[in-house]
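What follows is chain A paired twice: with chain B in the first complex and chain C in the second.
Take a look at the complex of A and B:
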């Protein structure tokens, strides 16, 4: 791996140069009490001092709403059109390493078998710049799911803030290309020991012990009791960096329209409700179980990887204060 | 608190209740919703001004059907929600054991009428900050207001957390989930977002008890409570009806009276 350094006074210029170059920069920005990934016009808008953003940056590759294709009537024919490809590169700047790992999972999910056209179109034009966590909070648990707060997985570049500036790890070809293109802002450096600059995130559960326990957890008798405070708002799934469930909706009039893919969540009562009226997950507890097992069992079986990266958003955002950490520990207790 | 805990313990012991919905200490010292099914769990029970979640939202959960009798620790918003639910025939007298704590003293409501009396005596004034904010928005020209709301609502992701957190949104099928006909655009963009929030506010006009749970649950920090608050203030000033204070169904937008003062309705 190659290393570089961005001097403290150069970081601002680097980000502003990305914008001046025509790249869309998605970075953490304060909105009221929370920090959200937003498109920024200048480095000044970035909130650099945050533990975790309220939502992940997954919308860069999997937007809350995207057109799959449009259709129009032409005499007796129906014409289908692909949506326009994104014109500009998108740079996700300052995401936490857990989000980098989440992008890696998203790429596996959308590209491994039958690559998703729309995801690929965006993913190919997205450059991911991670930022090592200097601190964490009681809701961070990346180390419990095999990720470190300075993990390079999924990122193209990883920045670690040191007293000399930002230490840069060049992880992918995409990252290398970006550094080459903006070489003025990067200087030579030797490798460093990142531990000094990295948060110490406590392990909250043992994922290998959980693996053994959770395969038989479908009929666990405490699902209902542990999920009673859930009122089904779905914020956990919407803010989750790895939740990929979507709904397909048509919006049309007599001459044409478009088909859209929009975010969905297993917390909603109509999630997977059949046209017949039958609902395989009638109760909230069954939908909650689906979410937990999906994170810690189903994707492990399907792709050989957990789909929880320990970012803690579902815990921080839950209005009823349910905690995936407490839930997992309750399953371990039996 | 110990008075309440002892009281609830006795209700468990005499098998009067088999579930008690209250609060326990949350992550930042505030109260979080808690479900007690065994008397020994009650040592965790807390109740103070920081217990703001409206527990009436849980009463529609199908999981609660297996309990024979439920006790509920109600803050002021919950009491008002219970009254409104009763006025709308969603709950009946005697269905729940309802408590609150005032100045350290436990108040047990023997019937819904007692809640009605308590609520009308203790009705707080509207939050002056919110009223000022509404005034400020109202004072802007129409185009500016439209732009402001369009911008605020553009970040809506249509998770419907506002609906899920509302104790008065109890429809088994919400109109946004109806697709024949489809009333509201589903994709979380532009006009569909506006339609959804206008529909939600209109459905709560004169019914919203102002607990603020919709806005608290909004993950995108959209001040959606302003919409219902504005409609409520209009209803109150024009019809004198304050939602969640009366047991009789009496709300402007869906009550028909043969002696209505307006001619067009006759």
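Take a look at the complex of A and C:
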């Protein structure tokens, strides 16, 4: 791996140069008491001091609502058109390493089998710049799912703040290309020990012990009890950096329209409801169970990776104060 | 890379009214190049769409041995099927597919075949029934047991007559008690009890079952009583579905996706899955 350094006074210039170059920069921005990934026009808008953004930046590659194709009626015929491809590169700047790992999962999910045209079109134009966590909070649990707060997985570049500026790890070719293109802002440096600058995130559970326990957890008798507060709003899924489920809906008038995919979630009762009225997941506890088992068991079987990165958003955002950490520990207890 | 959500453009060549609210559409490709590159196998399904209304999932109900068209049979139930039902012959339909796995009919050569269907469960089996009938010399005894709530709910009435008249097919039709008409010549009773009565041999026999969940649930014990092995019993699953290609998440049963790992499944495989179908 190659390393560089961005001097403290150069970070601002680097980001502003990205914007001046025509790239769309999505970065953490303070809005009231929360931080959101927002399209920024200048480095000044960025909140560099934050624990975690309220939502992940996954909408850069998997928008909340996205056109699959459009159609125009032409008498008895219909003309179908691919959606327009993004014109600009998007740089996600300052995402936490757990989100980088989530992007890695998303790429596996969308591209490994039946590669997804829409995802690829955005992912290819997206550059991911991670930022090592110097601190965490009681909701962070990345280390419990095998990710470190300075993990390079999924990022193109990873920045770690040091006394001398930002230590840069060049992880992918995309990252290398970006550094090459903006070489004025990068200086030579030796590798460093990141530990000193990396948050110490306590392990909240042991994922290998969980692996053994969870394979037989479908018939666990405490699902109903542990999910009782859940009223199925789906906030956990919508703020989750790895949730990928979607619905497909049309919007049209007499002359044409488009088919869209829109985020959907297994937390909602209608998600599995058949036209006949039969619902394979009738109860909220069954939907909650599906969410937990999908994260910690099913994707492990499918792709050999958990689909929880320990970002803690589902816990911070849950209006019913449910905690995936507590849930997992309850399963471990039996 | 292709946009997998873009459908083929097809038109309705023929509409058949099968039963109350149940119709069969015969669809042909608008573009001859699409027709040429298209192929499918028995058991696969597709996404049928009305632009502006949405997509619906149905199996391909015609046999791959009948070239140049595909057929689907559907019951009017929701927004898209209502819009589909408003179509006339000549109207345009979008079709994505074929998706999913297939009935392993090559492995069935030299065996007896038993098809058991209830109500609107016959369309998914009709595809494989005709496929096997068109290769009839490859199989031994050929038995079809089909039941519906009432005489008017039976689908493919002309084909039932055709099968009934074939010396190389044993057809048993039945309607639920009270669903018969004065001139009904078939049996009266639920599918599981008629299966018991007919009692086909399980020796060297493959059974394919499709119908409402309650029918399947009560038919399986009868099949086991008759000595059928779990991996010789096939069914085809149905779950709410949107994308058809393993992405949208709707049809997932644990790590299994009905759309790409199914819909065809043996009982042996089915009993390993969480009961979420």
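Here is the rule we use: the second predicted complex is superposed on the first by the 334 of 334 C-alpha atoms of A that agree within 3 Å, B and C clash if a C-alpha of one lies under 4 Å from a C-alpha of the other, contacts with A are read in each partner's own complex, and residues count from 1 in each chain.
Convention: a contact is a pair of C-beta atoms (placed from the backbone, for glycine too) under 8 Å apart; a residue touches a chain by one contact, two chains touch by 3 or more.
What you see is a predicted model, and the numbers here were worked out from it, not measured in a lab.
A.B. asks: Have a look at where A:319 lands relative to chain B and chain C in the superposition and call it first, second, both or neither.
C.D. replies: The answer is first: A:319 touches chain B but not chain C.
A.B. asks: Just chain B (first), just chain C (second), both, or neither: which does A:205 touch?
C.D. replies: neither
A.B. asks: So in the superposed three-chain picture, is A:249 touching just chain B, just chain C, both, or none of them (first/second/both/neither)?
C.D. replies: Once the two structures are laid over each other on A, A:249 reaches both partners.
A.B. asks: Check whether A:54 is in contact with chain B, with chain C, with both or with neither, and answer first, second, both or neither.
C.D. replies: Touch partner of A:54: chain B, not chain C.
A.B. asks: Of the two partners chain B and chain C, which one touches more residues belonging to chain A?
C.D. replies: Ranking chain B and chain C by residues of chain A touched puts C first.
A.B. asks: Once the structures are superposed on A, label A:185 by its partner contacts, choosing first (chain B), second (chain C), both or neither.
C.D. replies: Neither partner.
A.B. asks: Could you say whether A:43 touches chain B, chain C, both of them, or neither, answering first, second, both or neither?
C.D. replies: Neither partner.
A.B. asks: Pick one for A:268: touches chain B only (first), chain C only (second), both, or neither.
C.D. replies: It touches chain B, and chain C stays clear.
A.B. asks: State whether A:235 touches chain B only (first), chain C only (second), both chains, or neither.
C.D. replies: first
A.B. asks: Looking at chain A, which of its residues have contacts with both chain B and chain C?
C.D. replies: 247, 249
A.B. asks: Could you pull out which chain A residues touch chain B in their complex?
C.D. replies: These residues of chain A touch chain B: 31-34, 36, 54-55, 64-65, 138, 224-225, 228-229, 231-235, 238-239, 247, 249, 251, 260, 262-263, 265, 267-268, 270, 282-285, 317, 319-321.
A.B. asks: Provide the residue numbers of chain A that touch chain C in the complex, in ascending order.
C.D. replies: 68-69, 71, 73, 76-78, 80, 82, 109-110, 113-118, 120, 218, 244-250, 252-253, 257, 259, 261, 264, 266, 271-276, 278, 280-281, 286, 290, 293-294, 297-299, 301-302
A.B. asks: Help me check something: in the complex, which residues belonging to chain B touch chain A?
C.D. replies: 26-27, 32-35, 37, 53, 57-58, 61-63, 157-161, 164-165, 177, 185-189, 213, 216-217, 219-221
A.B. asks: Sort out for me which residues of chain C touch chain A in the complex.
C.D. replies: 1-7, 9, 30, 49, 51-55, 77-78, 81, 90-92, 94, 213, 238-240, 242-243, 245-250, 252-255, 260, 274-277
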